[in-house]
């Protein structure tokens, strides 16, 4: 049981890194990256291939973050003029293309066979205590990243970023470099996704294109939404809650008598979805609500949101 | 409102904690009569979930038979099913739960190759046997220390058999249509090679799965005017390809694999569309009663090969543990005794209960299941599997020959 | 070569016709409610199942099957929207429409698994004969599939007429433009939102039934196609009804024509590149200025 909890905790750490990236790009920067999982895959493959070529693991991990960030910045630059909904479809498609490339470019990625035997750091030295080591290492990284992001988002950079999120035009008039802020926020999100992918690859020792499907993106969006989409603490809490929900639902669904295996499995996914909907209804702002986070630009408009919710939508399209 | 939400969160948390606590307590009370747990990781949701339901049913039949025959050394066996969600990442989480929490002695099922490759390291690290129905050649090349047994013939062997059968049916021009898989290109090469050796020709096309129409792919295939089309896909894409072949008026032969052309497919397309399609199904010898017995117990006219394999995964694990002289019920005991009850000079038995009773009294047994004779090479690959060549006739699969 | 080109064009139109109706539904809902409702995928699947049940158990023919698919998906769409999404839309803190869109993904997941719970994971075929294609001047044409195209275009025209000629339709456009103005005029926004959801999801349901007749229905039928549907809707401008149909057809055609230059295993690449180029050239979609419901 302990080793299972340690494992689940490590997975929650990966999810937390992804969620922190999403809070930065989406919650703070307003950039919808529905291609999150593509950058996870990019990082995982970069790290696995470099490690296979004999590079030390710390270089692989840095490279994973750098490559994902670079590709993310490039993509964000190309689509810099698109509004939210369109950014969503472009990033979603981009992740699908990366998955296709991973599947088809067998000379590089071994195709859908996947890459096995990705080495883990210190695994042979640590033996039994390796899972604990990886858990602590992952969460230390989460802590460092959260701390640094916290500093960054409290700085003038953070305020400028939120200004861009709330109203690009006003931010631009106020002299902010809108494009640069967007690229930085998107790049940070992509880098963290890549890093999480690399950590996952070396932890489980196996990756394949099928690992990086849109389901994971959905999970992370749900984790961030549940936690509070603008808050770093929300990202961490949301990730832990998500993994707890994913894993606990196994035990609960299996305890219901009179159902066949397919019904139990579908009930489990149904319950996960339903819980998230319920949580969103009870606490639409997430576990951690947005506090003192507004850039000040949209306060008046947000206050006048109608009960119909339409106004929020009109706001977004401006 | 926020108080209510917090309370809900807390209650959910306590519930989870309580559940985990109670399961760990019950384990510490584990006594001789407690069940031996066998894990199953099967696709119940997601893209590859067409066989999940029958796989679970087949495993349940095996569980009932073994327990009715007295269980393993006085202990009943218990199947613990987890869904792989057609996703290796979810499968890894499921495998950790089975190995760490349920302490299963073996994991069976394991259908998609990526899922098997993902959970394999956990199994050999956790000294848990992995019985898989995946075909990708790469799986048994992993450093698995004997913990992997594969009951499905490798995709290479299946491709070769399909190629030979197509030649035997009198075809001269082969065209392969299949989605991008690790084996798609090697199928084109292998089967084309067989056709060239027999004086024919062969070519192929690898398409993208998940499409709702393959008209243009079918057009490209028909340009080569083939007299046999090899369908290398799974049920969802194969059903669409078959419909588009029918619409295009293709009248040549169609032949596919058991993962594409099977029971599930016959329900997915009208009878006139699937009429005449051949399927290659790994199976037991022709005179084996095991398959007939299993389908009659499941009250089905026929059953896919993968569900038969899952049935055998459960039986093999139980027999191996029943034979284990150490008396221990763990993965290593399964690994070390599995060959002793499935191959060799012992008495050939194809009934699980009968085999179990013979093993318990110390007899030498060679168990042959509904999925095949179950002999394993050193690397864990199954050997000497027979193939059932089936053909769809009026929406039903009919056996044409066994060889 | 020219024959190939024409053949692929026809094939592309046929593929596009399959996603045109769901794209139309998605666009309609976005136009009036202002968020991308991803549960359109599940309603497509639900329409497929409703049609399949109507056809195989009640032995109904095409037209009643489509009507049932429309009603079931539409009603289910409204009920689930009211239960799951409306409370979140109503909260003042539901700051972005994307939040509602994310919850609609969860709703989609719940509905897909409700289908799986009820019907299992298998693929189900309609009990309808499949017609062989016709050859016209060397080009292979599927008559059944052309029907899909006709139905899609016909429904799009009907909707366009509804929005430009009827009082209710004009009212819906008013809501889309300005909630407060609509309320001043005595139009109840909630009822119009329900109507838009009903029609939008109903269209997805009809699309699902047609798709299921063409292929088959299983719990993931809708989810497999949602990316393509969303893409068609986006290329069409997300708020233009004729745009949605044209966008869907364009996605189909580009995808099939891509087979001429790319290996088939990379087919989605062409669709993606098409979206990208379209959006870069016209950042608000091709048909943003066309008639229909506008913001």
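As written, the chain order gives the labels A, B and C, with residue 1 at the start of each chain.
Basically, a contact is a pair of C-beta atoms (placed from the backbone, for glycine too) under 8 Å apart; a residue touches a chain by one contact, two chains touch by 3 or more.
A quick note: this is a predicted structure, and the numbers were derived from the prediction, not measured.
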Touching subunit A and also subunit B, the following chains: C
Selected interface, B-C versus A-C, where C-beta contact pairs are more numerous: A-C
Chain separated most widely from subunit A, comparing mean CA positions: B
Centroid distance [mean C-alpha coordinates] between subunit B and subunit A, Å: 34
Rounded Å distance, subunit A centre to subunit C centre (Cα mean): 28
Whole-Å gap between the CA centroids of subunit B and subunit C: 36
For subunit A, residues contacting two or more additional chains: 100, 103-104, 262, 265-266, 269
Multi-partner residues of subunit B (at least 2 other chains): 44-46, 49, 52-53, 180, 208
Subunit C, residues touching no fewer than two other chains: 113, 116, 120-121, 219, 263, 265-266, 268
Residues of subunit B defined as touching subunit A within the complex: 1-2, 4-5, 8-9, 12-13, 15-16, 19-20, 23-24, 27, 42, 44-46, 49, 52-53, 55-57, 80-83, 85-90, 92-94, 96-97, 100-101, 112-114, 117-118, 120-121, 136, 138, 142-143, 180-182, 185, 208
Subunit B residues within the subunit C interface of the complex: 44-47, 49-50, 52-53, 179-180, 205-208, 210-213, 215-217, 219-220, 235-236, 239-240, 243, 246-249, 264-265, 267-270, 272-273
Interface residues, subunit C side, partner subunit B - complex: 4, 7-8, 11, 14-15, 18-19, 113, 116, 120-133, 140, 142, 211, 214-216, 218-220, 224-225, 256, 259, 263-268
Subunit C to subunit A touching residues, read off their complex: 33-36, 84, 87-103, 105-107, 109-110, 112-114, 116-117, 120-121, 175, 179-180, 189-190, 193, 219, 227, 230-231, 234, 238, 263, 265-266, 268-269, 271-272, 275-276, 279-280, 283-285, 295
Interface residues, subunit A side, partner subunit C - complex: 26, 30, 32, 78-79, 81-86, 88-90, 92-94, 96-97, 100, 103-104, 218, 221-222, 225, 229, 262-263, 265-267, 269-270, 272-274, 276-277, 280-281, 284-285, 289-290, 302, 305-314, 316-317
